[in-house]
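In the two assemblies presented below, chain A is common to both, partnered first by chain B and then by chain C.
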Partner chain A sequence: MENMAKIVFGFYTLIILGGSLVAVGAKSLVRAMVGLIATLLGVAGMYMLLNAQFMALMQILIYVGAVCVLIFFAIMLTRADAGGEEAASAPLRQNLLALTAVLSVGGILGWLVLTRPLATTGVPVEVSIEKLGLGLLGPYGLAFELISVVLLVSMAGAVLLAWERRNGK
Partner chain B sequence: MVFSWLHLAIILFLIGGLLFAGGPLILSYLVAPRARGGDMGMPYECGMRPYGGSWTRFGINYYVYALLFLAFDVDVLYLFPVATVYRATEGWLPFLEMFIFLFVLALAIIYFWAKGVFTWPRKVS
Partner chain C sequence: MVFNPIQIVPELYQLLLILALFFQSLGDGSETPPAERWLPFFAGFGIFVAIVSWGAEGLLFGGAYKLDALSQFMKLAISAGFYVTVLNASRQPSLEERKRPDYFMFLALSAWGLMILSSAVELITIYLALEISSYSLYAVIPLRNTGGKGDPRAAEAGIKYILFGAVATAMALYGFSYILASQHTSYISQLAQCNWTWDGAPMAVVGLSLFLGGMFYKLALFPFHFWCPDVYQGASNETAGFVATLPKLGAVVVLVRLATLLKPGLEITTLLAVLGALSMTYGNLCALAQKDLKRLLGFSSVAHAGYIMVGLVSGTAMGLSAAVFYALAYLVMNLLCFWVISRVASDGRNLQLDDLNGLYKRAPALAFALGVGAFALVGLPPTIGFMGKFFLITSAWDHGYNWLVITLVVNSAIAIYYYLGLVRHAYTHEAGADVPTPDNSAFSVAGASILAAVVLVLGLLPSRVFDFAILAGKQLLP
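And now, the complex of A and B:
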């Protein structure tokens, strides 16, 4: 089973890297989003390997299910089809700056992980859903209530910003 | 890293799903007769020629529904663990916490109702 985990880890790494390359390099934005979905599914698989089944499920439910739908709506608001005005490729300088940003953040994080390993368990410990629920009802009760307020504010803000405009037209 | 039988089952079902979706495509590629030229690239090979591109733009109204869906989806993330242990809890405090959580969300729905988000626009701009 240990070898199997390593094979699956490599498989998910390939999915994440391949998906992100498609997401960055595809000409069509819809294809780029398919790459993004593949990446997010690969991350969900990584959560499974970390023994966090609930996180994996929620990764698929929220990111693949909801965020990608949201991005798809955003894409359909643009004029980014193959011959559209937003389909032109970015200038070289912008690409270089983006690459620098990725390499600096990734480099610092990778350097920290490699040089200062945390004392941790060899096998990830499973935190059950019951434990999470008891935590949300007990010690983190206030945070649980505040989450609903934050969500209320975000939803009301979205409606306030986007909905007024239709009536104004 | 942990690899359980459940994980293997999920991967097997994913492969099964991919084969189920991709199998007919591969099979039709192998078996179907080849044809070129004419209106093969058109959405419909007969009938009216489509006017304009296929890339239509939605109204921004739909974006609001997607945003609301996302917010309620995040609610599920927090409600799900609480709902699983709710049966095992004692006293009024868990009920009260759950009630406040759902009450605030209900406030959001009432606000949208008053705002007219749920009434379907007659003309979708």
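And now, the complex of A and C:
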């Protein structure tokens, strides 16, 4: 069973990495979105592996089902073409620097995780929805309420800024 | 425990202001008085409201929300800062008429988030409160209108702030997951009993460093400072006056709370000290070369973020009190400087150093206030800046970071050059041809004099305020 889990872990990791590479590298926005969806599905798979079915379901429902569709609508409405100014590739030097930055941070964190692993349970513990709900309304109640204010701020902010662009002819 | 609304009345009052502004922003504004007219009065009343819950103590919302001397001190400082920034922004030339209710709503929301932040003692709550405060600023920074259309510099500043902010946030959250994985709690009171040495819990150390990185971004500490001068320069003077002052208070409050986890000699403490030293040196050296006034103040914030670290590394109640007091000093000094900048640039332009030439003739009161602000930022007596630095230095000496204290003193000497450069331009140079007409109305002069008076009075008689800061520090580190 443990080998099986490792294989599945590798599979999901490949999906996540491959999807994110497509999302970052694709010329067309729609293809980039498909890459993003693959990444999000891979993350949902990771949740399944952690025995968190509810989280996996929510991940698919919210991110793939709602957020991605919303972004698709935005792409269709704004008609961003592939030949825009931002579609030109960055100079090599910039790419190399970005790669160095990622590798140095990722290298340190990877080294840390590999050499100093945390004590952990052998089999993922299932957290029931009931427990999640009690946590959100108990010790994390204030945080749960604050999230709604964060949503209000971001929506009101988006309206304020987008409104400006439409009227600013 | 019985929940008593009186304890959180400053937050509730601020929420009420937000609701009023929200409903006003929904209408077309023809039936309601303009937001910039009524809001300053209510924001000023908010300072008195904050005093009502001055001595409140307790633990609310399942232990995630703590009322103590530190939080109440900060809430009072935030309401006062909010009042001054709203008053400052009420005569903003570069803000469109119909966007005003929204603009003030976001300022109020940002201040509200900071109020929550000053009481939050649980990492996720801290993170969310900080996000409320920063999201509001993301929306406000691009609002700058020059010559009838949006200013591209402000849009650039907004985009930079959002993108870098998103990276900093992601980093903080990733670090949070490491903390949770190795210490199994997100409550600061429980984290304080955990082991934070590299040998004992390396993952927690890395996690906390990453989480602190997100706070450093807000505070503009080196190497997370790069947004600061650009954003100040791009945003309108009044908006920069908000971004430069209040969010820094929020970051300091979180850092002070997290500093209770640290003891001198820990790896993270040394990291804080090194970053502080780099930040003050880098900020001051860069500020020497600046011509734009807001960029100069931006690099000065980077340097001041480094000064605050001096109080955090000593691991004593006195050090934390000094950091809290210095945050207040920073708030008052910068509010004064940005007040003068906003009034001198009455057409909403970005001031260059040369625009200050001959200010002593054109606006003697503003020139004097600018001089007080500059002396305070240098840290010369009898201003609050001197007292703040004095407390920092005395609290940190002999706690293992003497080299950091020496760096602070050397840096104050470097900083004299450019801060007094402001005074030199205002008093000794004669005005050129294209200088802005400063606002010499009673409103402008009164505001500048009151702020300058606060800087001087708190510098001469700091004991009452400092006693309260000491109480806050002692409650955190008994």
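Going forward, the second predicted complex is superposed on the first by the 139 of 169 C-alpha atoms of A that agree within 3 Å, B and C clash if a C-alpha of one lies under 4 Å from a C-alpha of the other, contacts with A are read in each partner's own complex, and residues count from 1 in each chain.
Please note the rule applied: contacts are C-beta pairs under 8 Å (C-beta built on N, C-alpha and C of every residue); 3 or more make two chains touch, one makes a residue touch a chain.
Keep in mind that this is a model prediction, so the values were computed, not measured.
Once the two structures are superposed, chain B and chain C can be ranked by residues of chain A touched, with B on top. When both complexes are overlaid on chain A, the residue A:139 reaches chain C alone and has no touch with chain B. In the superposition on chain A, A:147 makes contact with both chain B and chain C. After overlaying the two complexes on the shared chain, residue contacts for A:54 are found with chain B alone; chain C is out of touch. Looking at the shared chain after the overlay, A:93 reaches neither chain B nor chain C. Once the two complexes are overlaid on the shared chain, A:118 sits against chain C while remaining clear of chain B. Contacts of A:9 after superposition: chain B is touched, whereas chain C is not reached. Taken together, the two structures place residues 141, 147, 149, 154, 156, 158 of chain A in contact with chain B in one case and with chain C in the other. Those residues of chain A lying in contact with chain B across their complex are 1-2, 4-6, 8-9, 48-51, 53-54, 58, 61-62, 65-67, 69-70, 73-74, 76-79, 81, 84, 123-124, 126, 129-130, 132-134, 136-137, 141, 144-145, 147-149, 151-152, 154-156, 158-159, 162-163, 165-166, 169.
Chain B meets chain A in the complex at residues 1-3, 6-8, 10-11, 53, 55-64, 66-71, 73-78, 80-86, 88-89, 93-94, 97-98, 100-102, 104-105, 107-108, 111-112, 115-117, 121, 125.
Partner chain A is touched in their complex by these residues of chain C: 22, 60-65, 99, 102, 105-106, 109, 113, 116, 120, 122, 124-125, 128-129, 131-132, 135-136, 138-139, 142-143, 149-150, 181-182, 202-203, 206. Of all the residues in chain A, the ones that touch chain C in their complex are 108-109, 112-113, 116, 118, 138-143, 146-147, 149-150, 153-154, 156-158, 160-161, 164, 168.
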